[in-house]
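To keep things clear, I will list the structure first and then write my remarks on it.
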Amino acid sequence: MAFPGWGDPLSPASTHVSPYYIENTIEDTSVPNIVTAVLADYRGYDTMFETAVIFSAGIACLFLLRRMKRKKTDFRHYRHMATGITLRIEQGGKIHPTAKEFERIDGLWVPHDLIIRTTGRFIIPFIQIFALYVIAHGHYSPGGGFQGGVILGASFILFAISNDLRSALNRMGERLTAFFYTAGVSLYAGTGALCILLGANFLDYSALATILLVDPVTARSYGILIVEIGVGIAVMAVMVILYYNLVSAGKFDEGL
Amino acid sequence: MSRHFPALIIVIPLISAFFIFAAGGLKKTYCFYIAAAALAISLFSSIGLLLQVLQNKVVVYHFGGWAPPWGIAYRIDYLNGIVLVAVAAISFLNLVATKKSVEKDFTEKIGLFYTLYVLFVTGILGIVVTGDAFNLYVLLEIASLTGYALIGMGTEHAPLASLNYVFMGTIGASFYLLGIGYLYLATGSLNMLDIASILPNIFQSNVVLLAFVICLTGLFIKMALFPMHAWLPNAYTYSPSPAISLIAPLTTKVMVYVMIRFLLTVFTPSFSYGSMAVSTSFVWLAVIAIVVGSILALSQKSLKRMLSYIVIAEIGYMVGGVWLGNRAGLTGAILHIINDAAMTLCVFLVAGNILYRLSGDSFDNLKGLFRKMPFSMGAFVVGALSIIGVPPTGGFFSKWYLISGGIAAGHYGFVIALLFSSLVNVVLFFRIFEIAYFEPSDCPHISDRMDEEGKIFNDAPLGMLVPLMIVAVGLIVLGIFTDTIVTKVIQFAIPGEIS
Amino acid sequence: METIVSIKPFLAVIVSILAVPLIVSTRRANFREGWTFLAAFAKFSIIASMTPLILDGVEIEYTIAQVLPSVAIKLRVDSFGMLFALVSSFLWIATSAYSVGYMRGLKEHSQTRYFSFFALSLSATIGVAFSANLLTLYLFYEMLSFATYPLVTHHQDMEGRSSGRKYILFIVGSSIGLVLPAMLFIYHMTGTLEFANQGFIAGIVSPKLIWILVLLFVFGFAKAAIMPFHSWLPAAMVAPTPVSALLHAVAVVKVGVFCILRVLTGVFGTQLLFSFQMDTILLYLASFTIITASLVALSQDSLKSRLAYSTIGQLSYIILGAALLSPKGMIGGMIHIAMHAFGKITLFFCAGAIFVATGTKNISQMAGIGKRMPVTLGCFFIGALSVIGIPPGGGFISKWYLLLGTLEASQMVMLFVLLSSSLLNAAYFLPIVYKAFFCTPEESLFENKINEAPPWCLVPLTITAICSIYLFFYPEPFLSLAKMASVGIFSRP
Amino acid sequence: MVDLLTIIISKYNYWGYIVLMMVGLYAMIVKKNLVKKIIGMSIFQTAIIFFYVSIGMKKNATIPIISHGHDGGERAVHAVDFINPLPHVLMLTAIVVSVATLGVALALAIKVYRQYNSLEEDVIDSLIKEK
């Protein structure tokens, strides 16, 4: 047997396992998007671990880069926007970030560009709406947790770029992000564990029928939705935390 | 609950990772205890699984309730049952043994460290237990990513070494993934048993051959077999000691396990050992690995670096034993996966204790250590004897099986290489004993205190010593119970067609 | 040949290991040595209590652990093993007493380590004596090698380290490099390693391979110090004298020859060796070593190294006796283990006593020492007689049997070798005694008043000297044990 | 010659991914700049993703989404009408993995830069040699 040609419908790849998915997805899970069904149910266990991979990537970056203490030697410049006086603060001290009339000036500081800011402000809500749509509508159209999560994360990153990291951190702080990606992954793993507690195998969503008060098939489709949401949250948060880490080299206070 | 052991082994550490991460933000002291509890549970359930396997040969678990090949199934038989217990036990012991030095090295980041630790263990355990070729890839990546991070936080040139490890590791994993792709192309399935049932009809296909070759290449890179070993020494030398005493015993050995799994289960032996020329040439590769590893180890000047070259040589032992393709050789290889993991853990834990007390692990720093750290060095002696291969330690018996496998296969190059490396190990370790024994310690260290005979006594704290002692005793116990392990478990792990 | 299962052999092995933690944990010197004595006496009494059974032709077995299919870590006490065990366990008592005197006399450092490793190596020795199969033999052989390393390097100076290096390199190198593969080959061919009176590889292994295996074993057990694998022995003489005495006159070297005899008889079997003319090569190896060692010994001025080379020669007597493949020769070889042990340990004790009392190591500075230490030198004379093989030294018996063996096997060359080497022995021992006693006052280097070594040294060496005379008159139970053993070995199946 | 050409044409997906893979390998082996190596790494992984996705392709079949919910399942579903969903699923995982690897690799690169103030391998090597 040689290599099957391009798009050969009789190749073993498309005749052995995959037809089962295509022909039984509706009966098994009532999810029209077969990819979503396979991703989150038939091979849901893989997907849980790919979420775990993302999670561990986030942790790894924190572990490698995050600087808990700052060096005593470095100093900061702050500019009082009203008067234009620039203060220099030694020994790593900082003006409280909520003090709006001061702005931080560092090596990466650029005078703010009105156009970029406003465009960002306009676009970001639409991006986020679209992201939520992609997550929620993964059952019926291309999309799902990962895609949606990445788009959602992109919206935050866009905000951080168009303004600066500090204001992004004010909106979505480190702890909040951490909470999100922990919550996201544990939502996934927790659903699986719940299935064990309900007496079925791990990640066997049909067991959720008893608490969701629906028939097992619909329960599977709900279960898929739940884990997709978990994935979405986790991916979004990890994208954001990766960005924070990498741009600020783990110091979380300056950056693009 | 015992029905869910296969899931619990993996899922409990995974879920505990989230709690550890949370605890790292709130109360750092909890992290260790959560991790210990999680790993204890997975150790417990792995032992339970082994007992189930001894009872009814094989345990299968369908995730999501989907039967393979459509769903992902875990399949525990004699082969991975025993490896599973070894992995779980080692990761648990190391966790307990390194508590103090983690607190010393990562005061800020204890939470993150333990999160990565349990995630790594999750990955490794998953690799051992899974029955799905692609699932194995994902778990492999979890283990690798966390491993990169743990190594990257080491001393000196650790980040660079770790980055090179990332490159090599990624190439290895990607090759494995590609091989799986070809298998999927040829069979249309990802479940190991299903693939095995389909392959015999299409053995002569060159797609299968390509898949075989590419998978092996990936695994060889991952297990640092000789020509692809370049990443290992630096990564192991500079990495933080509590991490390396976890990574060094597990990563490479588990990769050897995966290779055995592929040769025996996925590509059935009739295919794997089909061509004499191929297997012989692989044994010769192993011989080169053993000889080169031993010789390079001779030229090292610091403990951890020397040990990491010994690890490279040990990989040669196992790969050679596997490719001998006879019962004795395979028995030796599987036995050596367990013994070598245990003795690597032992010596690396000692290296950790030394680094916990001393400024460095270069040979000059080892002077007078037998006085200063008698218990650690005592354990080190046991580990060394096991690596040299002195009865009744476990190392002797696995070496025994490997050599008799070599004789049975009439492959005397392998036999000679094994004997040679044992002799080199004698030289290596007695050199260290001499230094640690005779040279007066000229560099008194901070917090050296005198005992009543006026000797400097400064061994590692009890919390680190007790697990180390358990490991050292375990080496001898493994040796004494070799026959039980072989006759009760390993001989069933090898398919009957191999004589 | 009935066999009973009893834990006694295991106890005999383990008792001195059990003493180690006690020795380590006790700080006071007296208690420490007390433990050593306790262990020594316990060991000896256990072994002695088994002797009558053995003399009745019973064999005692005990399986410690099943480690490989059809191979266990297993002890079996037979007459030959019992002979060796008796000798070494008895001499341990004497040596412990002597060690106390010696170590205290010289205020040696780290005596705890010394005594504990001493006990450990004794366990290994008994283990070798009682081992029922090749694997067990190998296990205890290696254990002995590693346990004696700290004793050899006791002084921790440059010299001690280099000789320690040499020691480990020769002993462990040869055992891993030669014995281990040979053992594995045999296991691969036959599937078993149990010693049998007639050997167990007859007819299974090809002649050419048997030649190789025999040589692997004979050189692999380098503790037997057959040339060219002998040079560790003189080097190891840097160790404290009691160590040299017990380990290099009794335990270590005798373990070497014991192993060789065991393997030749228990693995290959005399018929097999005979049928392949294996005896000739062994005989010539042995006789070469005997003559060369004796010649070298002549040229040594340091007393201990002269003794060392004489040991090398005497060990090959035993090999030669076994290689004659004749019952009498075998008996001679076996009891020579005992006789030479008593004689040589006396000599070493004397050397140590002289060193303690006067600090001299070299023979050239011992002129007239007899005036000062008459008892010591008297015992030295007896020991020398025994080693040379002149009545009333016990060595005469063994040499007598050896000569009978050469006649029995009609090996006239060997007869000649033995006789000439006896002359050489006389030539390198008697002058010492002669100079020590009969020299003109102006030659004498010592003032003419008696000033012996401390009694802790003196008593043991007199005891061993008396023993070696006693053994000339009553060579029991060793002779009967050896006879039983050789009967078993040469009994036609 | 012609049939060779037809082979190449009919199986161009394999050649495509092989070329891409070689580009990635080349970058990882030859380039001295660590970031370029990292880029090469992701190209390498992308090549494999491309290969997998190309496996899933089926001639005259549509995307694996059944156009109606499970209440109205009257029209029978035939496997030949939909392309193979499994490779896409696997590659979603693989993409995520490669992103994660990329993140960790970049983090390490930043650490390296912090340590040596350079990402050029030969510069770093010379720095190490000096010590």
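When the chains are written out, they are named A, B, C and D in that same order, and each has its own residue count from 1.
Just so we're on the same page, a residue touches a chain if its C-beta (ideal position, glycine included) is under 8 Å from a C-beta of that chain, and two chains touch if they have at least 3 such contacts.
Please read these numbers as outputs of a predicted model, since none were measured by experiment.
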item	value
Comparison of A-B and B-C by number of C-beta pairs in contact, larger one	A-B
Centroid comparison with chain B (C-alpha atoms), farthest chain	C
Between chain A and chain B, centroid-to-centroid distance (C-alpha), Å	33
Chain B and chain C, separation of their C-alpha mean positions in angstrom	44
Distance from chain D to chain A - Cα centre to Cα centre, in angstrom	21
Where chain A and chain C are represented by their mean Cα positions, the distance between them in whole Å	77
Residues of chain B whose C-beta touches two or more other chains	134, 138, 141, 145, 148-149, 152, 159, 184-185, 190
For chain A, residues that touch 2 or more chains besides their own	3, 11, 13-15, 17-18, 21, 43, 46, 50, 53, 56-57, 60, 64
Pairs of chains, among all present, that meet the touch criterion	A-B, A-D, B-C, B-D
Sites on chain D touched by chain A in the complex	10-14, 54-59, 61, 63-70, 73, 77-80, 82-90, 92-93, 95-97, 99-101, 103-104, 106-108, 110-111, 114
Residues of chain B touching chain D in the complex	134, 138, 141, 145, 148-149, 152, 157, 159-160, 162-163, 166-167, 170-171, 174, 177-178, 181, 184-185, 190
Interface residues, chain A side, partner chain D - complex	3, 5-9, 11, 13-15, 17-19, 21-23, 25-27, 30, 32-35, 38-39, 43, 46-47, 50-51, 53-54, 56-58, 60-61, 64-65, 140-142, 146, 217, 235, 242, 245-246, 249-250
Contacting residues of chain B [partner chain C, same complex]	385, 388-392, 397, 400, 403-404, 407-408, 415, 419, 422-423, 426-427, 430, 434, 437-438, 452-453, 479-484, 486-487
Residue ranges of chain A touching chain B (in the complex, touch as defined)	1-4, 11-18, 20-21, 41-46, 48-50, 52-53, 55-57, 59-60, 62-64, 66, 68-69, 175, 178, 182, 185-186, 189-190, 192-193, 196, 200-206
